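Below are the structure tokens for one structure; questions will follow.
Labels A, B, C, D and E are assigned to the chains in the order they are written; within every chain, residues are numbered from 1.
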């Protein structure tokens, strides 16, 4: 999945033939088969239809205060167009639904609001699934390609007995609850990221990590991906709160504000992670340089001590003939020549060693 | 082409003699010959005149709801001035048309809107062709120098049978379709850039790329060029949407918003590419340093082990005369002198080797 | 505490089951037992009830111009919900109270204002305690988990004899005094940070600090933590001043402006600290490189002087047989061969030494 | 010129005794002698008076629709003050005229507009001359210190026969033409800068430039100087366009917009130049490191191959006496000892060489 | 002074016991004794009272159009409180007066404006003295701790004979003149900084500066300090101009605009200095690396040439016995063995030397 998902993300809208009229829906060849689930909601009752049909939707639409149509799998573009016609959704918005790879955004239309979001793949922060939410006065429609369902808790919550805000309020509150569930789904991967960074940090500061740059680079890519989602997400939430759309009630905005606050908190966490990474790269480079320095110092010390000595033994290994001239290496024939030479060399080594000690190189 | 095109881009407006009145049109000596194509558009019919003349334009202008004049090749400035007079275009805008190298921008005049755009050379992101679009209530005029035509799909779409938004709506929708085609033409080169970056990334992380800095520098130049186009492009689109110009209808603005959204997505992709490049440079520098470190460590280990040994063999190669004094190198005459010396040297080497192992340098 | 506190901070809201209705209060398992302290305030008298009960609160609420309820320890969520019901506090705000790890923020409700703040752990800038303040026209409610009380000076000031702004003014002034105390509690740790940076700076410039990167990294983490608090804190204070909330009187806003000014000053101090750290890292890397350079220079000089000499002594140590040919090493038999060789080598060494001196490498 | 000009620029307003009332005009001791040129402009005629006097100005002021007074050389402050009195110019604006070193700016007064600009010294981007322009409904006054005249083309254009926008329109259009000439005078030096950067870029990527840092630093200083001019210039032009000053007519604003667009284009070019420079510095550092790495690798390879061999020949050069013991270097007396030793050493060298090849170090 | 001043700056407000009511004045133990100077100003006359008392102030306050009270030395907080009561100054503003270390700021009260400024210590940009200015319709009050007086020129200017703007206009113009004097006092130290940077720049580019990082770090600290003053100063001046305060007349705002312009110019100078410093650090690091590279290259060349030669002489110094076998080093007994060996070694050295020349390493 990872490979193809990435390819899909990157190619984005490209498979639409250039020059095709905008708003043409063309199914992604890798999309999952479409499956509709209809949830009918009233303050005092609720009903859920799995594998719903268009007839279910049309038949129930006006009978319930709020209906929630969840469309999982984006392969059946004809059905999606049919839904769009039924609820009067703009072709461009539907195009955004079908072509994954949208940035999180909010668009306001006369009768409804379109919210595009992205859900992180829980295993890694490099892949994201797109979730599209339309909501008007009396309906919420959600589109997602992956069958794995981040909305299950909301569905369970709708079904709980007793008084229940999700059933008592209008569609905007249900939409808020769905958006909130999506936003909160970022906390876990962000924390996993923090843990990974912390582990790398420890191993860098210990000096036990041999090749941290590759890890740091991978972490930075994850953070860059997160940034590319969270910043537009924050803007989308702020637009939703700021806008005077009649469907988003004042009370719901207080809740959306709370969601925005969570998004802001995540952004700050991610900013701190980014700064930490930048710092770790510097730390790593500095420690690597320090190690090089240590190694070079050792080489220098060993060389500087032994090179003069090796020269000296070379001198006394020369073959000038002492027999022919009293000037030719008379020390070779001196009685204490050898011990004196050894002593001389030892004292040179000791002096150099002391010099290095004094210069704090040892 | 590349060489001269670059020179043209860089000299920009310079060939206009300083002090010439603003709005003087002077043809670029490298411009292509001018070729007019007139497309006449009504909801129920359409007609296309290749190699159109001024007479065609004047004769058909009031008879059709929308006319689209496409002027390819900017060599014939007299004709361009004539077109300008016919449609009441401002001399400064015409000057911008003829002098390529404009930043993407929008200018609002009383009777029309002027949009300057740039199309990327598909092979590389270092060269761009300028495309100028004027549109009023009933006309669209496009200027471009290169005969290669990014507008062909639009022209084909106009000619399709059946109901057709491009024919049913006003000139502003046609202008939108042209702008959208230009903006979407950036997706392919941006993806090619992503692919190139990915390849460089892999080869850097593998350590198989020998001279990645030159490649990274080239990629960065492409990204810098893209940035210099996409940022003003986004501003121009936003201005077009924000402005209360009577020719741009509310419905068309929804479509322009979609185009703006594509531009925003590209900007985010380019930002991520830029951050990735910055990261790759750091990774490369760090890995290069790590390799230097490895090499120096090897040198240090080999030197540190052999330098003392070489000193020792030098000692035993000295010519102090053992005949003259029992102090002079008696070990040379000892029965097990040589094996003992070898053993001594082997044990020193082993000790140093063990030390390096213990210090984790091996 | 440090360990668990950090864990609590990082997990934040996570222990709330996803899908639970927003506004559900769930106690942090590490929270301290709840302890209420009620301070009743009138211009001419005041009364304090330690270990207050809900009955105390309900009974006194309308009898005094201002009441201050301080709730230390957040374990008893039932009690906190009871307080919320009594004063009409929004469930989301109470959720923020119980789930520590909020960014400093201000939220305006119809009857009261909610202010979330963070108090630095005095020993280090990596851990912070959350303090939540609600204030309406006639009440101030403060929540904090740690029993250690930053509000003691305010409580003593309320109790001083004589005319007293804290008793004479409304609840907004008391709230200001509490916020001001929290903000001013940052000065001490910021100065401790400055002192630490100064010490590291000195030791780096001296070259006496062996491993400054780890210290610099730790300091940077503290500064990053501070930034993540101070920037939202400034925004929250500015929002409090800018807002037209009826409870915050114009005169109090002059005082809040002063608090904002302190926050701005801290931000500038922290910015300067950050720049100083960045500079210190560069200084450190540069000095480390300079040291490497010195070491390598020494190695080069020693090697460059002795390697040619060692070669020469090697030459005169060769065993070409002078007996067999007048061409074979006649110098070994020359009368002054040895002294001439020594002299030759000394002059080479001196020449190289002079060359290095002249090239400023020594 | 360069030296003194720089000194003048840097001292700026300093030679005014502190405490002198603001608006005191004190001539720069290095200023050129003042020379007035008066150009009288009407749609159908024009007249030019070189070496004009105050009498010429007073006498003609009300007789012509537009007069243009060009004051070259700022030494005669009394005359400048007299001009100021005649046209009602504010003392602070005149002070800015006389004290060169102003940032580009626009100031709006009741009866006129004051525009301060800077012209680049064509040879280099480190020095700039200040040009001050005042314009009201019927007059334009320009001040400049250098006799070299960037306004000559405008003056010639005023004098051309036939209908002529410069003569037909009001003073604001003349002022626009002068400002436009000043702004366009930046294109040439910016392109020269691009050429210089390109040359340095080529030589760095070739590796043929030995000391590029000094060049890069010089180029960066030029860019920094340009930035310090172009950013305020853009702001000044935008202020001129945005402002509702009665003298700047709507039609002229279209032309000023074009000038602003040129300024924006320059800013983008300069930004790209700056990014290119930053990139080049990184490329240079990386290539320098790569070269160091190559050199060190060579050293390591040569050393690692020869150091063990040199040790071996040292071993066989030892003087252990084979006569005294069969253990003492029996190999020296073996029949094939020497060729075997050579073969042994060659095989060691070959093995090491192969190892390096395999490790990709060669 | 330097030491204690710094300590005072850093401790800031800290010596106020936490919990003391805001607005409590507590003298800095290092403050100078208070000395009041009263200057009475009317268009046609003026009077100055050194060592003024409160009686002087009260007695003259209503008799003169403008009075200027200069309070040097902040030790006598009782007197400062008395002045505050007399002119109705807000306790928080007085607290800011007494507690040095404020950022430059402007605060608007009903009857007066409070301006806090900082004067640079002329010797260095690391220490600043605080100057506080209050001005209403008819009074200006200045507070400063240091007896050294930057206001002397203003005082002399007030006392000059003849018509005089400082006497003719209201208190706002006098306040402007004082603010202008303070702002202009930054030009000298900024230029001294430019000179210092230029000196360091030259010595770095020459390569004659041995340890520039410490100098660059010091310069950066000065610039950071300046930034922390100039940015808020600009904001304060802009607030003063933008605000609709009745005391600041329109004509005075033109003058304040000029002061703001000076501040903007300084900010740009400081920005350029900062960029120059950043560039110099890079240049220095690059040159240091280049030097290391040169040194290593020398080492490599010397080693690479001599190591093989030393190996060769080692070979011919081996003691294989030529007597025992014709295979054992026959070359030692060849007639031209020694000259051939020398020639062989010379040709190897020449070949390597040529190789290095060809590779451009020499």
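The working rule: contacts are C-beta pairs under 8 Å (C-beta built on N, C-alpha and C of every residue); 3 or more make two chains touch, one makes a residue touch a chain.
Here the structure is a predicted model, which means the values were calculated and not measured.
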Length of the line joining the C-alpha centres of chain A and chain E, rounded to whole Å: 40
Centroid distance [mean C-alpha coordinates] between chain E and chain D, Å: 25
Residues of chain D engaged with two or more neighbouring chains: 285, 289, 292, 296, 299, 303, 307, 310, 314, 317-319, 329
Chain contact graph, described as a line, ring, star, complete graph or other shape: ring
Going round from chain A, first to chain B: chain order: A, B, D, E, C
Contact set on chain A toward chain C in their complex: 152-154, 156-157, 164-166, 177, 180-181, 184-185, 187-188, 191, 194, 205, 254-255, 257-258, 261-262, 264-265, 268, 271-272, 275-276, 279-280, 282-283, 285-287, 289-290, 292-293, 296-297, 299-300, 303-304, 307-308, 310-311, 314-315, 317-321, 324-325, 327-329, 361
For the chain D and chain E complex, residues of the former touching the latter: 10-14, 17-22, 90, 92, 95-96, 101-103, 105, 107, 211, 213-214, 217, 220-221, 224-225, 228, 232, 281, 284-285, 288-289, 291-292, 295-296, 298-299, 302-303, 306-307, 309-310, 313-314, 316-319, 322, 329, 331-339, 341-342
